[in-house]
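So, here's a batch of structures to check.
Each of the next two complexes has chain A plus one other chain: chain B in the first, chain C in the second.
Let's turn to the complex of A and B:
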């Protein structure tokens, strides 16, 4: 059995990529299993998905704890401890990172102990479609190549999965072309089946009763939500063009996360440490005073503290 | 005779009144309505300094009750049957908030078909919600159990809501003498509510029942509820001792009747246990050495008390006033599991299903129960589920089928 764990942000296509790999393996006569895992948070939140492929019946369920291949759709996830991207990694695990850096550099910069390979899928996708879209097909293509699955199986899987999502034929065609070039371009590091490592022994803990101040699902620490910074979730940031703002406060009202405050001059002030980049304010602004700008590497980029 | 004549419903209302509750969110349903009517009247005339609010449903009622208790108020509410089921998801929520409110359920069999009379499928459906459950046999016990319920619920070792159950009609609308305890003694029994993890202060916000993903915190918190419920066995013991000292009446988690030399023991709960006592006397008069064990506290499950009462018996019969379709009786499963590991476990466990939808259990049916238990005990082999439903009753049933049939000529 080979175990592939995908990591992305909600909306980036990690779940569909895991299905593409599952379907491609299934079409080649293998046994396959794929399942996503996500919480109650929405677009931009860390998401993972697990795919298992095997020649034998699969006797596992749920999140992969010891991956043979990790596929990372967004390099910013590596620094996010809640995303647990590198959990269960060994030096034999292959790690694919969607990044503009060469493999060696990525390995050093992100301090990944496994065998690293990279490709700039975001750039290839922007070139194919002219705008940012989900990376399902390129992620699936890279994983299929690394696993040694055939290009025809990948093609059939992408066609089936994207049709299931109701995407028009032109979009599917574009994705097939993009997937084919990603399949060819990714530097191959073969994914080996991990030899059965013995499970780590556990000691069962017998909890004792604790008073309800501790023993009930209760949070009494006030104002702890600002500690969870979500600015790194953005691929686009809303930026104010002050001359166009009429001070209507609609952005303030519509922001689902309450990260917009208003100055005494009725101008919105955006808390970029917590803005998830949902773009609702950009869509709702009646005077187009808020515009979406691509997050870039550099001084202006948000970094987890 | 001491006390005064009152219904089980009025006794329940008196329990809430004496407990000095702050807040009563309410919604009417037969056969419970009399409880909230009495409380509404007392709140209206100033006899009770509590806030009474009529809600739009049992779901809202239970939510308001949990929220009120989370704010630090002593809360009482009551429902029955379909109402309990309508509040069902909230039962689990408020138990997880660890709020010490008291809910009275007046048992009524569940639809469909619709009836107003009791059995225990309603209250037993809620047995895994995290509420503790006390099932009362008499109107006096209804009142007393509500006072004990607050005392146990509000203990920091427990902090779980408690459900006190009484049977519709057989207690709810049945008058019998009830002694109303002295309010000053009740105040001594029931100290003011000061929960450390609850309360409402604008300067100190807190969140209850927050989302936990990944299974680990969920496992911990859910298991804490189990430990809290198990602690209630000891807290109940202390409360029972104090209650007896102050009021002279003693309530244990289970109650035995003529168990000392009994070969065979019948297990029952709620109001029909009174009839069970009479049946034990009648059987003994005929030379059968039988006894009765009444389950009073159902959650926490009083395993030790049950084993102590039932070990070494020839046969145990469990009269379930409920029916789990596809399984049989509910309580007999728990009794059997409890006895399994005891080396002196009874030779036979018999399961009887009776009193469904308030159907009477006749003396003759009790005779049949004890006869079958004796036979099973001698054979060393239990039986069941045995339905308590007589030939005469089935003849009535056939008449109803004829009346309900479209083409009577077919019959």
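Let's turn to the complex of A and C:
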């Protein structure tokens, strides 16, 4: 059996990538299991999905605690303690990181003890579609290659899974072309199966229960949500071209998160610690004074302080 | 007779102060948050929010809250009952002289459409019947969003959800019509009901200002374009949310003691323009266009506006 854990941000396609790998393995006659970790978190917040593939019946269930392969859709997750992307890693684990850095450099920079391989899927996807879209197909392609699954199975799996999501044929074709190049381009580090009997599963997170007499969780603070920064959610940031701004207030009025305020001179001031990069302001601006700029090194440029 | 705004005439009258602070984990581009933020600019900080389970539960995810005031979390079916308890407690404190009248708080229910149209319907009916002095703010994203987009009684005909997929038996996806909750509320004759849409911020703000002049139940239905559930890019929220109103699908109106006024009369673009922007309706256009289903949606809107006396 081989165990694969996908990590991404909601909307990046980790869940569908996990399905693609499961389906591709199934098409090759293997037994497959895949399940996203359901949380109440949202688009942009850390998510994970677990896939197991095997020639034998799979008896293990639940979150993968000892992964053979970890696929990381967004390098900014490595520094995010809540995402726990490297949990359960050993020197034998293969870690794929979607990053522009070569494997060796990524290994050092992110201090990953496992065997690391990288490819800039974000850039390849931008080049294919001209805008940021979910990375499900590229992530699935990379995982299939590292696991030694065939290109035809990958192709059939992507077609099926993306059609299930109701994506139009043109988009599916774009994804197939993109997946094929990712499949070919990723530097291969073969994923070996964990040998021997697995040790008792470790619990990743132990919930703390209070006796019901204490009542339910209570937040005694007020208006403290800004302590939680959401700037890392962005792939694109809105940037002001001050000369073009006519001070109309529309960006300020329409920002769902209230991260734009107007200065005394009626110029928008953007709070990049919290801007989630939804681009509503860019769309609303009547004079095109707000432009979308890609975050320099992928979504990870912004770091929590 | 055209509807006149008294308080909010220009965009620069929208208050600068923020009452729903950033840092919540609602999706980038959430139309529900957009609507709540604007409403809160009129409601202010002296509010107790009573929040039914749903996406808005993520507003105050332990240990963080975006509000200066209080927030209480209830089950999906019981937020109006929770509001009754909070209102009663405030009234008792005031009556006993332990809370000065000037420190009184507004009680505001936040509920998704799953709560509002389905699970909390009886609780809401009871609260209106008892004349509870509260606000009800339904952010309507037309599905059970928080649990991964399942069909609710607010999901419109022809939309695809995870529990009403496009299938051989039902190629249009959802076969039910959206429940007319506005009319169900109106049958109770509360002092104030309004529909709002965050793309029409002055209309929205004005309605909250007007509601403040009434004692008793004040209920709001807010169009909440949802990139995650409706399947479009967050940046397209403006376009989608605007077309919902401009096609006539989301009428902007109010009802004072049951008497209805439409506050904005759209020129009514074809519904197709709205539908084709969203992945949840894509099966109506691809691989083959479902003319019948699209016509059905158009005819329902036409029929609605025919009976509106404008």
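Just a few scattered comments:
Operating definition for what follows: the second predicted complex is superposed on the first by the 269 of 305 C-alpha atoms of A that agree within 3 Å, B and C clash if a C-alpha of one lies under 4 Å from a C-alpha of the other, contacts with A are read in each partner's own complex, and residues count from 1 in each chain.
Just so we're on the same page, a contact is a pair of C-beta atoms (placed from the backbone, for glycine too) under 8 Å apart; a residue touches a chain by one contact, two chains touch by 3 or more.
In this text the structure is predicted, and so the values were computed from the model without any measurement.
In the superposition on chain A, contact of A:219 is made with both chain B and chain C. Once the two complexes are laid over each other on the shared chain, residue contacts for A:279 go to chain C alone; chain B is not touched. Once the two complexes are overlaid on the shared chain, A:91 sits clear of chain B and of chain C alike. With both structures placed on the common chain, the touch criterion links A:243 to neither chain B nor chain C. Look at A:56: by the touch rule set out above, it reaches neither chain B nor chain C. Shared-chain residue A:259: touches chain C; no touch with chain B. Of the two partners chain B and chain C, it is C that touches the larger number of chain A residues.
Once the two complexes are overlaid on chain A, the chain A residues touched by chain B in the first and by chain C in the second are 40, 216-217, 219, 222. By the touch criterion stated above, chain C contacts chain A in their complex at residues 11-12, 14, 16, 18, 20-31, 33-34, 37-38, 55, 57-58, 60-69, 71, 73, 146, 148, 160, 166, 198-199, 201, 227-228, 231, 233-239, 279, 282-283, 286-287.
In the complex of the two chains, the chain A residues touching chain B come out as 39-40, 207-213, 215-220, 222. By the touch rule above, chain A contacts chain C in their complex via residues 10-11, 38, 40-45, 131, 166-169, 216-217, 219, 221-230, 233, 248-250, 252-259, 261-262, 271, 274, 276-280, 282-284. Those residues of chain B lying in contact with chain A across their complex are 96-98, 156-157, 159, 195-198, 204-213, 217, 220-221, 223-224, 227-228, 231.
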